[in-house]
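Note that the chains are named A, B, C and D in the order they appear, and that numbering of residues resets to 1 at the start of each chain.
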C-alpha cells in the first residue's frame, strides 16, 4: 500500500485541531499582517493518525529487529526513560524561568554531570552541547581557549588518524585547525611511535577515538597521551565508543583531556530516526576552567551561571554553545538509564556488549575475513570484503540482502581505512538466541555468496517497502520539496 | 519473519523486572507455600519489547487502514482520551477508597450518566455493566425485577426478531425467559402488525435493535413501543447501533424502556482486540427504580449507594452486576469523546456516519445486490451474495480478497436473515478520499469476480501474515495452550 | 471538528452522488415528530486544551494511590506496572483492532491470547484457560452457571469468606436465573470454620461450592480435602483468587483439586482504574472445556502449513448458538489480557516469585508492627499480602480519620458487610511491593493517633 | 538486570565459543593498571519503582508551565501540543530507528523529512529547507558560516535586537573560527533604529546581516528594504524567527527577500523541555542549496520506478568530505521534526492561522490591560505574541516577587543582558493560546502587588 504525501491528500480548509474564536482586538501586526496564504494542507485527526502510523510501518527500528549498526550503538531504549522525560516537572518547564522555580531540574543536570564525571574520571563536564559533533566542537573550543590562555595560539595542527569519524576533521577545520593524518598500523591501532613522529611544536591536539572505529582498544593510549602532554598538546578523545568500556576503564585515567559522550549511544537515549542527540563533553583538570556558559553551581541550592554571572577564581568560560542549557530531555533519559543499570549493571552492559561482538566475530571468522586478524575486538566486529573477492557480491549487495532476511544491515564502508568494511555492533541488548539466529543467517548468506548465488544479492532487497533507490538521480537533480504538479496549477487558474 | 511463543524463547531464570531482596520475615504462608515451580518463562525487557512489537505488526487496526466492520463501529480512537484515562486521578484510585477521597471520580461518572440520559432522553442509567452484553443482561434483569414487583412473574416470553444479535436471545435465555422469534418483512424492518400478532399475555418484553442489524431504522418503532406497552410488556432496545442517531433522535422519545450503550462503539473507546467494553444501560421511568448497586447520588458532594446504604423512596435495586463501579477507564474516554465532539459534533458525526454509508451504498449498488432494495440506509450498508451467484466466489472469498487490497473485511454472514450478508460500516471517521479509494477497490474486485477471476478470491489472502487458517482442525482437536514438546521433556529428565 | 474529515463540499458532493437533497432525507424512516430539531442540551464541541482542563480538574479532586501511604485492597491491589506494558498496549495495531474474527490479519492478538491462556493455566495449575472474562466477580458468576451446565444441578454453595461483592454478583444472577444458592456467613476469626460450614452444606443437589483463597480476610486455605468431598458428592469446586500475585507464593488451586479457578487478574499489568477495566482469569479441566464460557484461542495451521491461531469452539457462543449459548458474553478484556501477558512475560518465574515474596514479607512486617499497637489485634493465622485487624471501635471511622492524616488504611469490613454489626471493628489491610518502611511507619502512627 | 538478556550460562557458553577463559581476556588491550578492579562509585542497579521515586522527587521540585499563569517566552514558548503528536513519535518504528542510511527500510523517516522540508519552505516563504538543525541558535550560527561560504567573505553583522543567546552562540563560533563580527546594541524603545544601525554597518566586507523578527523585544520588522541593501552590497540577509507560530499571522521573511531563514521550531509539536531538545528550521534559496548545512532528504525512484526518498547531497557532509564539509553536524533533530510535522499537519492552513490569531489577540488583550497599570509602559509599536514592558524598578525582582505569588511573569531583560543597566526595568512578556482571561487578570494583580 502506497502512502501519499500530506500535500496530496490534505486540504487547506481541514484541520485536526479545534481552537476557539480569537478575541476581537485591535491588531498590532501593522502592515506586516500576512497577506498571502501559506498553502499548508491540513488533515483531520483520524487521517493524520493513519498517515503517520502507515509511514511508521515502512521503518525498521531496534524494537522491530536486530540493528547491528557499528559505531551507532543501537541498544534498547527503555520506555521508563520516556516516561520520566515526560514528567511535567521536567518536560513542562521553561529554560528562562526564575532559577528558584527549577531547582529540581538543575539538581538533575548536576547529578547527571556528577555521574558522567565519575564514570570518566574527569573533573568537569560541559553539559550544553546538543549532539556528539557539537560536543566535539565544544571540546576543541576548550582546547583552543586553553592554548590561547597560555599564549600558544600558534599551535594549529590537529592530528587525526585516518580511521577517524568524519566529524573529527570537520570539527577541527571548523574552528581553524589544520588536520594532519596519523596512520594506523597493521594491528588496527595507532602506535605511539607514529604519534611522536608527527609531534611538531605547532601541534595543538590529537583527536583519537577509543575504542577506535575498527572496534579495537588503542593499546598504547597511555603512552600516546603522555607523548601528547609532553609536547604541550591536548588529547581529545572521541567518545562515540565509550559504551564498550563504561565501568571497565576511565578515560581520565588514560590521560584524556576532553571527550564527548553521545548520550544516545552510550546511555541509550533514543536515536529517533536521526536525533535528537546530546553530547556533554568531559574535561580534564587542564581544561576544566573553560566550561562554556551556562553551567550549574551546587551550593545552598543550585545556581545557574550565565553570561555576566559571578565567576569563581580561575573560571574562564570560552563562550556559549547554544541558546539554552542543552538537551534536558536527553539528560532525564540518560540519568534514568544510569540509575536503572547502576554501577554493577553498567559494567555488566559493557562486558556483555563486548562479549556479544566477540561471539559474532568468533562465529563468522571462518567464513568472513577480518582485516586485523582474528584477535579479540571490543563492542563491534569489523570485517572487510576480502572474502567476497570474485563472488560478484559487494559489501553493499551483502548488506541489502540482509534486509530480506529481516535484519538491518551493519555499517558499510566505514571505517574508510578498511576495504569494503562491514562493522557489526550487536550491543548488550541482544540475547544469545537472537545472536545465534543472526549468525546462522549471516552464515547462510555468506555461503550463498560464495556459491555464486549472485541474484540473491545484486537486486536485493526484494522484500522491503522499496527496492533499491536511485541515489544518483536524487543528487543530480535534487527535489527537496513537494511542489504542486504543473497541470494542476494551470487547471486551477 | 516468524515470531516464536514466549514459552519457546523465554527462560525461567530471566526476568524483565528488577525487584529488591524481600525483607527477612517469618513466613505466614504455613503449609500452603508453593512447592512446585510454575514453569513460567521470562524475557528481558528488550526481548519483551521486540516480541510484542513484532506481534503487533501482524495485526490490522483502525489506525492502519479502513476497518468497515458492520455493527462493530470501528471509529477513530482519539489519543486525547487515552491520555485522560491515564491521569492518576482516574487511573490510580481504588474502588474501595473512602468516598470522600474520590469525589472527582464520582463526579465524572455522574456527569457521564447525565450526558447519556440527555442523549437518550431517559431518566436513569445503570453504569456498572461491563460490556454491551452485560448491559443487555442488566436491562433484562431490570425488566424481570419490574415484572416481579408488579406480581407479573408469569410473563416469560421475550420477542426477538430473527435479525437480532445473538446476544439478545442468549441474554434472555440466561435469566429464564423464553425466546420467540418475530419476522422481519421484505423491507428489512419489523412491522407492528407482526408484533401485535405475537403479543400474548405472557410476553415480558421485546428486544429490538434500532437502527436494526440490516442498517435500517425501524420505521414503526413508535407504534411497536405503544403496542408493547399496551400489552403490559417492556421494550428493550439493543443500542449497538445507537451511533447512527446520536443527537438526531432519542430512544426515550421513541418509547424505549431500556437500552444498553456500547461506549466502545458509539463513544469510541478502543476495541482493543476484543475488549474491554462498557455497557451502561439507560432506563425509562418504568424501570428507573431498579438500577442495581452501586449507584451515585449527587447532593452536597457525591455519595455512593452500595448494599445496605440508605435508599430513597421507590428505589428498588435489583442486585449487583459486578464487584465494583463499572468500567471507569472507559467512562473517562467516553466523556472525553463527548466533551470533544459536543452536542454539535455528535450530531454531525451521526450524519456523517450515515452519509458515508449511503455513499458506499450508492456507489456500489449497480454492481452488488441490496437485499432490501436500493433505499437509504443508516450507518451501515447491507449487501447480500445474490450478485455473486454462479461466479464461484463466496462472501468469504470476497472478504478475504479485500485483505490483499489492504482492507479489513466487512462483517460477513451477519445478519443471518440475509444470504451471504456483507455488512459495511465505514463510520464518520473516513474521509471522502478514503471512501473513494475503497469504493474503487471494491468495484475492481466485484468486476473481477464477475469476470470469473476466481483464483484471486479462492485462496486469498495472499499478502497477509497468514494464508487461510484451518478453523475446522482447531475446533476438532482444540489446542488451547502451549505444552512442552515431548522430546524436550524427555531430554530434560 | 478535528475528528470529522468530511468538508462541507464533500458532503454536498456525496449527497449528489446518493441522489438526495439533504442529509435528513437519509433519516426518512425516523418519525418526523421524533427527529430532533436542534441540538441536545449539552455543551458544544471543545478543543483538547479545554477538555484537559475540565477533566484535569475532576481528576485533581481524587487522592491517588501513589501519593499517600496506601493499604487498600479487598479485591483490587496497587502494584507497580512497568512502563513498557502501558506503552505496548497503546500501539495502534493492538489498541484499535477488533475481536480477531479475521485471523489472517489478527495473529498478533491471537498469539498473545494463546500465550495468555497458557500463562493462566500454568499459574492456576489448571489444564486450560479461556481468553478472559470481564473481571473476577463476573467470572465467578459465570463459573457457577458453568457448574450447573456440567452437573445438570442448580444449587451453589458460597463460602462465607467469599468477597461479598462476588457473592452479590453471583446471587443476583442466580436469583434472576431461578437457581438455588446457599450463602454462608463470614467468619473472620476462625477461617477453618468457614470451610467446615461449606463441607456441611454439600448435598446431592449441590452443583458447586465456591471458595476464595486467600479469602476476603486474607486467610489461606488448603482446599484438597474439600475438593474431594465436593467431587465425591458430584459437585465441582470453584476456587476464587482475587489477588493473582499470591499464586507466585502459594500452592495453586489446581494443585489442590479445583475444578474451576476464577481469578481477578488486575494485579498484573492493569492499574486500579477505580474498579475497571479489569481482567477475569478463568481456568478449568480439559474435560469441561466445551462448557466453558468466553472466547477461546486455539492453535492450527494455515494453507501453507504454518502454525497460526484462531478463535475456536465458537459453537459454544452466542453469535452461533443464540439462546443456547454457554453465556451471553461477546466482548472480553482483550487489551487487559495483553497487559497481563506482557507484565507476566517480563516477570517470568523469577520475577513473579520475587514479587510475591516481597508482597508477603512487607505484609508480615506490617502485621508485626500492628501487633505491637495497643488494642489492635491481627486476626489471621495465615495470609499472603492482606490480613484483617480488629481495632477498638468503629473501623470505618478510623479509616476516615486516617485518611484525613494522609494514610489510606484499608477497607473497613462494614463497607462490605453493612449489616453485620459484629464486623464493625474489623479492617482489611493490604500491603504490596509499593509500600515502604516509611509507609508502614506512617500507618502505625496514623492508626495510633486515630483510635 | 532487566535490560540484559544474557544469563550466566549464556556468558559461559559464549566465552567457550570465543575461546577465552574470562571476559577480561577480551579487554586485554586495556593496560592492566587502568582496568578498574571494582565498581565505579555510583549506586547499584535499581528497579523501575525506585527510579520513578528518585526522579519523581526531583521533578516535583520544579514549577511547571501548566500549573501557574505562565508568560515566559524569549525564544521558547508554552503551547498546547495535541495528544496524538506525542503518541505517534513514541511508536517504536520512529523512536528506535536511526538516521535513514538504508532508505529501503526507512521510507517512514524519509517521507516525513520530505514533508517537513516542504512545510518549512512554505512557512518561511523560501524555496528549500533542510531536515532540521539542533535548534534555532545553532542554526543561526551555521547560517553565518554558510553566508561566509557563499559570499567568500568573513564578516557578519548582528542586529542589536537579536536574542542575546543567539548572539553569544554566533560570537563564540565566529571568534573560534577567526571570523569578524559586529554586534550592535539592543534598542527596545525604538526598534526601527536597530535596522538603521544594521544598514549603516554594511560594508564591502560584509558577508551577512542577521536580523530577528519578531525581534527579542517582540517588534515586527519589514525586512524588504534592508534585504535589498544587503544584497546590493553582496551580502546575505539572514532572518531569524524564534516564535514560528508568528508565521501564521505575519509576512514571512522569504516574502521580504531573506536569503536564509533560521527559526526555532519548538512552538510546534515540541514541549518546553527546559531548553531542549528543540528543532531548528533552516531554509534558503535554491541557488544556495549546495552550501547548506545539515541533512537533506530528496525524492527519487526505486528499481521498480516507484517514488521513494533518500538522504541526498551528502557530498556536503562530514562523513564524506571530512575537513572540507559544510558543517560538522551529523545528528539532526529527527524526532522533533516528526513532532513538528505531525502537529503542523494537524493544524494545516486553517489551524495555524487560527492559532496565530489567538496568540496575537491574547497578547493584545494583555498589553491593553497592562497599559492601564500605573507606572507600567508597553514599549512596542508592533508585536505578535510577546512584547516588552517597562516597570518602575528592577524587573528581575518584580519577576521573583510575582513568582512567589504564583505567576511566572516573563523574562527580565537583565537576565539576557546582565551588563546593560539601562535594560534593568524591562520585562519580556509572552502570551499564547494557553493563557486565559483569568491568567491575565492574575498577571495584572500580581504585578500591581509586586511593584
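Criterion: a residue touches a chain if its C-beta (ideal position, glycine included) is under 8 Å from a C-beta of that chain, and two chains touch if they have at least 3 such contacts.
These figures come from a predicted structure and were not determined experimentally.
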item	value
B-D or B-C - the one linked by more C-beta pairs in contact	B-C
Gap in Å, rounded to a whole number, between the CA centres of chain C and chain B	19
Euclidean distance of C-alpha centroids - chain C vs chain D, Å	48
Distance between the centres, which are taken as Cα means, of chain C and chain A, whole angstrom	46
Multi-partner residues of chain D (each touching 2 or more other chains)	1-5, 7, 45-48, 50, 82-84, 86-87, 90-92, 346, 433
Set of chain A residues in contact with two or more other chains	11, 13-20, 43-47, 49, 53, 57, 62-64, 76, 78-80, 82-83, 340, 429-431, 434
Chain contact topology (line, ring, star, complete or other)	complete
Residues of chain A defined as touching chain B within the complex	1, 9, 18, 44-47, 49-50, 53-54, 57, 62-65, 76, 78-79, 340, 406, 429-431, 433-434
Contact footprint of chain D on chain C as seen in their complex	2, 48-49, 80, 82-83, 87, 90-92, 346, 433-434
Chain D contact footprint on chain B (complex, rising order)	11, 13-20, 43-47, 49, 53, 78-80, 82-83
Complex contacts: residues of chain C adjacent to chain A	1-5, 7, 45-48, 50, 82-84, 86-87, 92
